[in-house]
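All remarks here apply to the structure that follows.
All chains are identified by letter, namely A, B, C, D and E, in their written order; residue positions are counted from 1 within each chain.
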Amino acid sequence: MSDLFSLSSITPRSWQGYAALALLAGALFSGLLVTATPGYDIATVALIFILLLFAIQMDQFPPAIAATCLFLGAHGAAWLLLAGITGNEGTARASFYLLLAAAWLLAWRCVTVLSALRPTSRWAATALRLIIPAIFGAWILIIWEAVTRGAGIPFILLPPPSAIGVRIANSLPVLAADVRQTIFKAVIFGYVVGSGAGFLAAIAADRVPFLRRGLLPIGNMVSALPIIGVAPIMVMWFGFDWQSKAAVVIIMTFFPMLVNTVAGLAASGHMERDLMRTYASSYWQTLFKLRLPAAAPFIFNALKINSTLALIGAIVAEFFGTPVVGMGFRISTEVGRMNIDMVWAEIAVAALAGSVFYGVVALFERAVTFWHPSVRGG
Amino acid sequence: ADKVTLQLKWVTQAQFAGYYVAKDKGFYEAEGLDVEIKPGGPDIAPEQVIAGGGADVIVDWMGGALAAREKGVPLVNIAQPFKKAGMQLVCPKDGPVKTEADFKGHTLGVWFFGNEYPFYAWMNKLGLKTDGGPDGVTVLKQSFDVQPLIQKQADCISVMTYNEYWQLIDAGYKPEELIVFNYSAMGNDLLEDGLYALEDKLKDPAFEDKMVRFVRASMKGWKYAVDNSDEAAGIVMDNGGQDENHQKRMMGEVAKLIDNADGKLDPATYARTAKALLDQKIITKEPTGAYTTAITDKAIK
Amino acid sequence: MDSFRDNIVPVTSILAGVVVVWYVFAVILNAPFQRDLDRRAGETPGIVEFIGKTMAQPKPTLPAPHQVAVNFFENTFLRKVTSNRSLVYNAWVTLSSTLLGFAFGTALGILIAVGIVHVATLDRSLMPWIIASQTIPILAVAPMIIVVLAAIGVTGLIPKALISTYLSFFPVAVGMVKGLRSPELTHLDLMHTYNASPSQTFWKLRVPASVPFLFTSMKVAVAASLVGAIVGELPTGAVAGIGAKLLAGAYYSQTIDIWSALVAGSVVAALLVMVVGIAGRLVDRAMGGRPA
Amino acid sequence: MTGQSPAVVSASKLGLTFQTSDGPVQALSNVDLTIGKGEFVSFIGPSGCGKTTLLRVIADLEKPTSGSISVNGVTPEQARENRAYGYVFQAAALYPWRTIERNVALPLEIMGLSKAEQAARIKRTLDLVNLSGFEQKYPWQLSGGMQQRASIARALAFDADLLLMDEPFGALDEIVRDHLNEQLLELWDRTNKTICFVTHSIPEAVYLSTRIIVMSPRPGRVSDVIESTLPKKRPLDIRETPEFLAIAARVRDGLRAGHSYED
Amino acid sequence: MTGQSPAVVSASKLGLTFQTSDGPVQALSNVDLTIGKGEFVSFIGPSGCGKTTLLRVIADLEKPTSGSISVNGVTPEQARENRAYGYVFQAAALYPWRTIERNVALPLEIMGLSKAEQAARIKRTLDLVNLSGFEQKYPWQLSGGMQQRASIARALAFDADLLLMDEPFGALDEIVRDHLNEQLLELWDRTNKTICFVTHSIPEAVYLSTRIIVMSPRPGRVSDVIESTLPKKRPLDIRETPEFLAIAARVRDGLRAGHSYED
């Protein structure tokens, strides 16, 4: 192989490049895939090497070109590696993982190059903001796929992402019904009511010193009511449909909002508060015009944390008595049926929904707290 | 001594008294075995544990085991201590459901996590839809208690003869106030607690021998437990069981399911179980090699 | 301890209010089943007797406060603390994995926040996936995690603590990203003019500025890690701990047990949150915090 | 109350001690002071002598630890609740989430003025401080002096009868300062407001005031009170007259006496 | 670089435009400037004319959008990395969680000085600004002028060859100001530092500077450069000399020309 490419003429530009080169050398020594593994012929393996070396070599060019080449090289190699393992699950040898690691390092390098780019056009900036996490995520999936298939991990322990993808594609109606039940009913309702209740409790505690002293310690106690303890009780009280799940979500989201709002209300500056005093502004005027805007960064913190908590809460609550629909129901049932791919399909949908949810909250945050140093840049 | 790890399907209770007795009474030790018993719980799938290498042998229901087998975990039934099924559906007499004909339009509590197959097989037989429509039944995923009945959230709920049934009695229901649909009595039962090991490991004669000794000692344990049910319940309590009275009663009921079994699998029940699973498309093809009588044959000589 | 005295009256009076409401609900929620019981027994008790009975069921829908109190008292004070039935013992089991998980979680959360604030690549690539990770229902994957960990020989406290970690690092990470970015721009400019290294800016400016966010997040995180520890007790065999008590209660519908375990959990939570709060106040005072 | 001309501020034996972790700090001690309606009183004194603290006591932002004080004949607290005064802080204290325009609107919103009235006042006061064209900017987009002018505009828009101004023109250049001095005098003359004005500039104090109160530090106290003999109408070039310079010299002497390192 | 006397700051055609949501703001335009070693240059100009922005560009806190600038012959960024300058901000920018003493210690910690050296410098500079006795106070326990003095002490403790001072004496009374002016001149004379000094006081600018740069706004640009003919040794009463007054008048004219509402 080594006379095809003179390794010495390759000069990496980054530590990832050097490490990748070392891994390639390691793969050569530890025996090529062809000798050990079915599914790979000389041509494929040569192609993988060419792609990786090409990527390392092209790294020296201007960022845009380097990133493109790194992207193509790393992902092309990964694709070839995965293609070869199909039908030969569980046969991977050390060189398989070494080549995979080399490709991964180059993808990392690609992300680094992309992160350093300062595009001028808005359009390119947006594209970059999407591409960078996408590459990162893609590699989580590639490595997952390669390891589960390469090592032949039993399907019921951890199915490969490709199987999960197929499952998602084939179960859209079921997934849609589950999302409707869990997210559009329980999560949204519980999130709104729970966050709202935490917020109002914090205001009440702030307004009435008596409540502040009495309510906060008790609010703290609510914080740890564990889902597994509360969920059955809620089912008892509110029936087995989504209302009981929403109740669990309310309990889970209440506390983060309470704590953060209380902290946020203390965050406004002294001089700003004195100013309001000179206007003899009423409690509520000071609250709305000064203290709540100043508390906004804290409140959004809670909203962000709650956006994921609510989802976990609703799903887990469905482990305890539900109608036969819902993401949590599906997960617990399909585990029992050994349809782990379906479990992961639901998890993937939950992760997607949670990310969208969080993203929406984060967008609101940027719009509302544009004045805060953390948003203005710092 | 040879190490064996047993993964139970549920928490420590008299349902598994035989194994605890065998360990406590030294039956395993006498066979040269060092057995570790891992209790289960909600959301512990023994099939996953054995696939992950966390156990050598598991207690499982046939439905779950066959499903896992098709998903690439080659489980093989090596012994079947429970001859009969303990699952039943109960409805209060003053409720709307008196016979199978009354199910239509009502809400029934069912356990999932692999325990739902007998129910669906039964509904299949009755020709009832389970999607909640007016000409079918509404299914409620029941958690591990009898609250849905007490709360009147369901018209009938699933119970085990040896467990939840007694919770209903404790809650104030009298046996004569309950209508019971027993899966075994109706001939709708699917095989419950059996012992399963991995096919490829069984090919190893040393492992097979270990399993033979394990099954032999376990069945001895079961026999002892059935004969001395109060003592067995005490042993279960010592190992983390809850509520002594309850364990005693459970032991009594479990004894009826064991029914003097020798641990040998009844092929007819197996065939019925496999057919029911096939009918519901839980599994897609007729399983082969899913059980072996070799172990029990050697164990019980 | 003036503030302690100031707090006693409000806390007790609000607790008293809670107890009264609780009694009312106990009667209301337990009434239907009691009526069923009476009907089946053919009895027609008077109002007072009926109410008395709703508060004395062995497995009530909602146990009356005194039932819980008696159970709580027995299991807390009358049992040897080493006994498996002692709430103190079970609370301790849960507490130990909570604390371990909380420590891991806080450390991990801060680490992630530091990475995100300092490394542009991480900021752009990691955050979305951390968010996604948090939407994975932990109870669903916990058994798999535990199976995998057991397979590589990790058992005992660590798996439970890891579940706590998983739940608690996120609030800390989110809060600290905000907190570490919250210094005033002029304060950052000042560091800039000194050509302070990132680590100097971090320790001398970003960390002190993030303190309010840190302690607020830590309060949420400590509560989350307690929930995690309790949840983690289920698939790990659930032999001891508050989660185990809850589960055991749930198998047999021993609602009184469930509630007293819940009360125990809540007390532990309130204490933990208070400790974090006090720590926060001490740090604030040490930093010359201006009284409100 | 002093009888005929009602006292707007009247303090006697006023003292204020801050408790700090390393011992008490006596910020004011034994301050006697009466300010009548329509007076323009300047406070001048070395840094840290208690000028801000005195203004804050008048504004009910600090409670005196000894002595007594009344504002408009009632306690400072009641006066504050009657919205008796507008306050310009030493730092601008603009809200970062509001544009300049909306910062000025803040007190007007609190008073519940109509939108039209608000708009009119905002326009008038922003014009006065020469900030027209910056209505839509956020505070951090303004220079230091512009921020301070915005905060002056905010206090003027409030339009109270008593104005408490803590070094309002500190960050402004001479030209703007002269301009605003004139504007302020004109406003004072027209509306008969009472103004308490902290400044570090002796000419400014002399030019503006009917009375100049010189304070000295550690503990903060009134060390001299100088009544101005200048006429009410004051063109800018009055600052060259001997009368003016004489008053200025007296103020300077009082001020110098308060500085420990000047002896 | 200008050949023999090395230029400390040298800018040509410097421009800076801020992008704001309601359009660009041109803060600096076409600024040409050379400051030699040991010069004391004052910047004076109406509020909002870009003085702070110019200082920030020199300090590498803003990047110019056009033109070029070098500091000590290298880019501002490299100069900053060499810790070439100390900066006094227009607002005090003290860290609220540090005592005054520890605020002054901040740059010294960052430079990694020994504890003893730190203590010595802290004592020296706090003495200089007359804040001894307030070492253990937190910023919010100080008056406005004291805070500003603390921030001056912090910059002086840093002891860089180039001092950038943005209205350092704005919140101080005349007496303290005179005192600090003298101290600053004395320091400058002794150490041969280069000082860029923003002020609003014409006498202060004339008294201190070797060169006065008058700026005018919208867009911010240099409108006049006035070389001082005063000797290097300057007693305080030099401010009464005709020479001094002539320069001051020229500065005032330049300043007035920059004010739109003065025409």
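We adopt the following convention: a contact is a pair of C-beta atoms (placed from the backbone, for glycine too) under 8 Å apart; a residue touches a chain by one contact, two chains touch by 3 or more.
If you're wondering where the values come from, they're calculated on a predicted model, not measured in any experiment.
Participant: Any chance you could name the chains that touch chain C and chain D both?
Facilitator: Common neighbours, chain C/chain D: A, E.
Participant: Tally the contacting C-beta pairs at the B-C interface and at the C-E interface, and name the larger one.
Facilitator: Greater number of contacting C-beta pairs: B-C.
Participant: How many angstrom between the C-alpha centroids of chain E and chain D?
Facilitator: The computed centroid separation for chain D versus chain E comes out at 28 Å.
Participant: Let me have the rounded angstrom distance from the C-alpha centre of chain C over to the C-alpha centre of chain E, please.
Facilitator: Comparing mean C-alpha positions, chain E is 53 Å from chain C.
Participant: Just give me the whole-number Å value for how far the CA centre of chain A lies from that of chain B.
Facilitator: 39
Participant: Between chain B and chain E, what distance separates the C-alpha centroids? Give it in angstrom.
Facilitator: Those two chain centres are 84 Å apart.
Participant: Out of chain E, which residues touch more than one other chain, so two or more?
Facilitator: 91, 140
Participant: In chain B, what residues contact two or more other chains?
Facilitator: Chain B, residues with two or more chain partners: 42-43, 45, 48, 52, 143, 145, 147, 151.
Participant: Would you please write down the residue numbers of chain C that are in contact with two or more other chains?
Facilitator: Chain C, residues with two or more chain partners: 61, 139-140, 143-144, 147-148, 184-185, 234, 247, 250, 290.
Participant: Per the touch rule above, enumerate the chain pairs that touch, sorted by label.
Facilitator: Every pair of chains in contact is listed here: A-B, A-C, A-D, B-C, C-E, D-E.
Participant: Where on chain E is chain D touching in the complex?
Facilitator: 18, 20-22, 25, 44-49, 51-52, 90-91, 130, 136-137, 141-146, 149, 166-167, 170-177, 179, 200-202, 252, 255-256, 259, 261-262
Participant: Okay, in this complex, where on chain A does chain B touch?
Facilitator: Residues 154-157, 232, 235-236, 239-240, 318-324, 329, 332-333, 335-340 of chain A touch chain B in their complex.
Participant: List the residues on chain C that touch chain E in their complex, please.
Facilitator: Result: residues 184, 186-187, 189-196, 200, 204-205, 208, 211, 287-290 of chain C touch chain E.
Participant: Going by the contact rule set out above, which residues of chain C touch chain B in the complex?
Facilitator: Counting only chain C, the residues touching chain B are 32-33, 36-37, 40, 58-59, 61, 84, 139-140, 142-144, 147-148, 150-151, 234-235, 237-239, 247-248, 250-254.
Participant: Write out the stretch or stretches of chain A touching chain D in their complex.
Facilitator: 269, 271-272, 274-282, 285, 289-290, 293, 296, 369-372, 376
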